[in-house]
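As C-alpha cells, here come the structures.
Heads up, the next two complexes both have subunit A, just with different partners, subunit B and then subunit C.
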Partner chain A sequence: MSNTSYAWSVLPALLRGLKVSVEATGLSMALALIAGVPVCLLRISRLRALRVMGVAIISVIRNTPLLAQLYVYFYVLPEFHIELSPLVVGVLGLGTHFTAYIAETYRAGYESVPAGQWEAAAALNLGRVITLGRIVAPQALRPTIPVLANYLLAMFKDTSVLTAVTVTELFGATISLSNESFRFTLLYSMMGLLYLAVCYPAGRIVALLERRLGSV
Partner chain B sequence: MHLTSYEIHTILTGIGKTVVIAVLANVMAFPIGIAAGMARLSRWWIVRFVTGVYIEVFRGTSALVQLFYGYFVLPQIGIHLGSMTVGTVVLALNAGAYAAETARGAIQSVPSGQMEAAAALNLSWLTTRFRIILPQAWRTMLPSFGNLAIDVLKGTSFLSLVGVPEATATITNMSLTHALKPDSAYVGLLVIYLVLSIPLVIVVHLLERRAHRHLRPVAAKAT
Partner chain C sequence: MTAKLAPETAAGIPVEFRDVCKRYGDHVVLDELSFAVSPGERVVLIGPSGSGKTTVLRCMMGFERTDSGLIQIGDAAVLPSGRGRAQQRRARAGLRAARDHVGMVFQQFNLFPHLTVMQNLTIGPRHSRQASHAEIEQRARSLLDDVGLASKAESYPGQLSGGQQQRVAIARALAMRPAVMLFDEVTSALDPETVGEVLGLIRRIAESSTMTMLLVTHEMAFAAEVADRVIFMEQGVIVEQGPPAQVFNSPQEERTRRFLRRLDDKGA
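Presenting the complex of A and B:
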C-alpha cells in the first residue's frame, strides 16, 4: 500500500485515539479544578497543621513523575481489591497530578487580591465566608484563567503518558498501528502533526487570554 | 520483605542512571534555552523563524512522544544512537524549548535603558549581552528554571519505556518479577524521586541567593 493510501486508511483510528485524548483531558481537568479547591484551602489555612498537610500533598505530587503516580494507581490499588478501568486510572492519575499545580495557581490568585479588599469587607461587616465567596474569589479567579488554560494544554499533551497504563489514546493508537505496519516515520509524523494541530492554535488562544486577562 | 544484595545493587544502579541522565539533560537544557531565547529576539527574521519552529514543535508535543519519535524514527533515516543518548538529548531539547520562552521573557523584562546605557558606554555586542543584560535577566529566569529542572528529573522516567534501565524501569521490573510487592515497589519509587528532587531544590535556592546577593543590605561595619 502506498504511503498516501495507508495514511488515509489509518486516519480514522488516529482520530478515535485523539478523541480519547480529548475526553481524558476534559475529565481530568474537571477533577483537578474541583480537587484543587480543598487542597488550596488546606494550603492557605490559618491552622499550621492543615497548612503543612497542604504543602506535603503538593510537594509529593509535584516532585514525582506522573508515570510513577500512574503506576501506583494501576498496580497498587488492585492489591486493595480496587479494580478500575484503564481510563479511570488515567483520569485519576492525571487529575490528581494537576490538582497540585492548580491548587498553587488558586493560591497565587488568592494572594494577588489586595488586603484592602478583606479590610473593606470587614468594615462593611461581611462574614468571612461571604467575603471569600463574593468579594475575594471573583477577583482571584480572573488572573488564574490563562494559567489554567495553559495547564489544560499541558494536560492534553500529558495524556500520551496514559499509554503506559494501556489507555488507547492518540499515542497508544499510533504505537499499536506502527507495531503492525512498521511505518514508524509516517505514523509518528501524523501523530506529531495531530498533536500540533490541537496544541498550536490552543497555545495562541492561551497567549491571547494572557494579554487580555493578565496572569498570576 | 528482604532484598538480596544483588537486588539492592540493581536498584542503586538504576537510581544512578536516573541521576546521570537528569544531570546531563539539565546541563544541556539551560544553555540551549538561553541561546534559543536570545535567538528568538534576533535581528534576522530567519533566525527568529527557525528558533520559533524549534520552540513550537517541542512545546507542542509531549516529551514522551518526542522520545518515541527519536527512538523509532531516527534509525529509519539512518541515525543510530543508543536509547540513553536519544533520551538525554530529547529531554534536553524539550526543556530547552520551555527554557527559551522563559529566557526570552526575562531578557525582554530588562529595562531598555540598560541596553541604551551600554551603547552609550560603547560596550561591544558581546559585553552588553553577557555582562549587562543576561546577569539581570538570569535573576528572573531562575525560579522557573528550577521548576524545569525538576520536570527534567521527572521526565527521565519516560526512558523506562524505551528500555533504559533507570529507576522506574528497575522498580517496575522487580515488581513484575515479584522481587518486590507492588505497593512497596511503587510507593518506594515515589520516595526515590522525592529524595532526588531535594538536591535540585537546594541548588536552585543557592543559585537564587547568589543571583540576589547584590540586592541584600550590606552588613553594618563594626566600629
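Presenting the complex of A and C:
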C-alpha cells in the first residue's frame, strides 16, 4: 500500500483518537474548574486548619508526577474494590491534577483584587458571602481566563499520558497502528500534525485573551 | 448646579473617641486619642502625613482594629477585636452596627469596576433590605441627578473621569442614608481641574443635610469654609483644635504654626 493510501486508511482511526483526546480534555477541565473552587476556598480560609488542608492537597498533587497519580487511580483504587473504566480513571487523574493548578490560579486572581474593593464593600455593609460572590469573584476571574485557557491547552497535550492507562486517545491510537504497520515516520507525522492543528489556533486564541483581559 | 440636595439624608448622630490606641509594632499611630463630635458637626482633621488622621477614619470603619479604647458612633460601639469568643462576637456586631450608620468616601474612589454606575449605587441598599427595589432604584436616580451624572447611570466607572468617579462614590455612600459621612482625602487622587467639582459637591451636601461629617483633607481653604471645628493632629495626638478661624489665623501651638507655615511655603 502506498503511503498516501495508507494515510487515508488510518485517518479515521486517528480522528477517533483525537475525539477521545478532546472529550477527555473537556471532562477533565470541567472537573478541575469545579473542584478548584473548594480547594481555593480552603487555601484562602481564615481558619488555619482549613488553610493547612488546602496547602496539603495542592502540595501533594503538584509535587508528584501526573503519570504516577494516574497509576494510583488505576491500580490502587481496585485494591479497595473501586473499579473504574479507563476513561474515568483518565479524567479523574487529569482533572484532579489540574485542580491544584487551577485552585492556585483562582487564588492569584483573588489576591489581585485591591484591598480598596473589600473596604468599599465593607463600607456598604455587604456580608462576606455577597462581597466574595458579587464584588471579588467577578474581578478575580477576569485575569485568570487566559491562564485557564493555557491550562486547557496543556491538558489537551497531557491527555497523551492516558495511553498508560489504556485509553485509546490520539497518541494511543498512533502507537497501536504503528505497532501493526511499522510506518512510524508517517504515523507520528500525522499525529503531530493533528495535535498542531488543534493546539496552534488554540494558542493564538490564548494570546489574544491575554492581550484583551490581562493575566495574573 | 442646583443648590439643594434633593434626596433626604439621615440626621447626624454623635461620635466619640475615648482613649483610643493603635500601634503597628513599636510605632504608635493613635496615642490615647479622645475627642467628641456632636450630631451634625463638621470636623476637619489636618496634620502632616503619618499623623494618624486617616487612621481615625479607618478605625471607625474597622479597616484598622484598635488596640484599646472605645469608639462610640450613636448606639454602636467599635471595640478592639479582643481575645475571647464572646468578646469577638460583640466587636463584630458593634462594627456592623457602626457601618450601618457610617458612609465613607475614599481617596482612590474604590468604585466597583465591573458594575455600572447604577449598580454601584444600588448594591448596598439592596443587600441591607431597607427599601423595595423600586424605591432604591428611584432614590439612586435622583442622587445621580443631584451629582450631575444622571446620563451616566449605565456607564462603567472606567468610562468616567476621576472627578465623575468620585462624585459617583459620594452618591454611592449617600444611597445608604448614613448618619455620619467620612471623607478620606477625597481630592488627593484627582487632576487639579476636577478638584473643584468634588469640593463643590461636598460643600452642597454640608449645606443641605444635618449629617455628622469627618473630613481628612489638605485643602485648607475648603476646610476653613466647611468646618465647624478643625483638629490638628501630629504623631497620633491632638495638638490643637478649635473653630477654623482660630486654628488657621491665630494658632496657639508652635507645632500648628510650623505645619501651617510649611503649607504656605508650598503654595497650598
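FYI, the second predicted complex is superposed on the first by the 216 of 216 C-alpha atoms of A that agree within 3 Å, B and C clash if a C-alpha of one lies under 4 Å from a C-alpha of the other, contacts with A are read in each partner's own complex, and residues count from 1 in each chain.
In this section, a contact is a pair of C-beta atoms (placed from the backbone, for glycine too) under 8 Å apart; a residue touches a chain by one contact, two chains touch by 3 or more.
Note that the coordinates shown come from a computational prediction; the quantities given were computed from them, not determined experimentally.
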item: Overlay on subunit A: subunit C relative to subunit B, clash or fit; value: fit
item: Touched partner set for A:L67, first subunit B, second subunit C, both or neither; value: first
item: Which superposed partner A:N125 touches (first subunit B, second subunit C, both, neither); value: second
item: Partner chain(s) touched by A:A35 [first = subunit B, second = subunit C, both, neither]; value: neither
item: Contacts of A:D158 with subunit B and subunit C, given as first, second, both or neither; value: first
item: First (subunit B), second (subunit C), both or neither touched by A:I44; value: neither
item: Computed vertex angle (subunit A) for partners subunit B and subunit C, CA, steps of 10°; value: 100
item: Per-residue touch tally on subunit A - higher for subunit B or for subunit C; value: B
item: Partner chain(s) touched by A:R134 [first = subunit B, second = subunit C, both, neither]; value: second
item: Which superposed partner A:V22 touches (first subunit B, second subunit C, both, neither); value: neither
item: Subunit B versus subunit C as contact partner of A:A7, first or second or both or neither; value: neither
item: Subunit B and subunit C, minimum CA distance [Å, superposed model]; value: 19
item: Contacts on subunit A seen with subunit B and repeated with subunit C across the two complexes; value: none
item: Complex interface listing, subunit A residues touching subunit C; value: 114, 116-117, 119-127, 130, 134-135, 138-139, 142
item: Subunit A-touching residues of subunit C, taken from the complex the two chains share; value: 61-63, 96, 99-100, 102-104, 106, 108, 110-114, 123-124, 127-128, 172-173, 176
item: Residues of subunit B that touch subunit A when the two form their complex; value: 56-57, 59-62, 64-65, 68-69, 72-73, 76-77, 150, 153-158, 160-161, 168, 172, 175, 181-183, 185-187, 189-190, 193-194, 197
item: Residues on subunit A engaged by subunit B in the complex (per definition of touch); value: 59-60, 62-69, 71-72, 75-76, 78-79, 157-158, 160-161, 163-164, 171, 175, 178, 184-185, 188-189, 191-192, 195-196, 199-200, 203
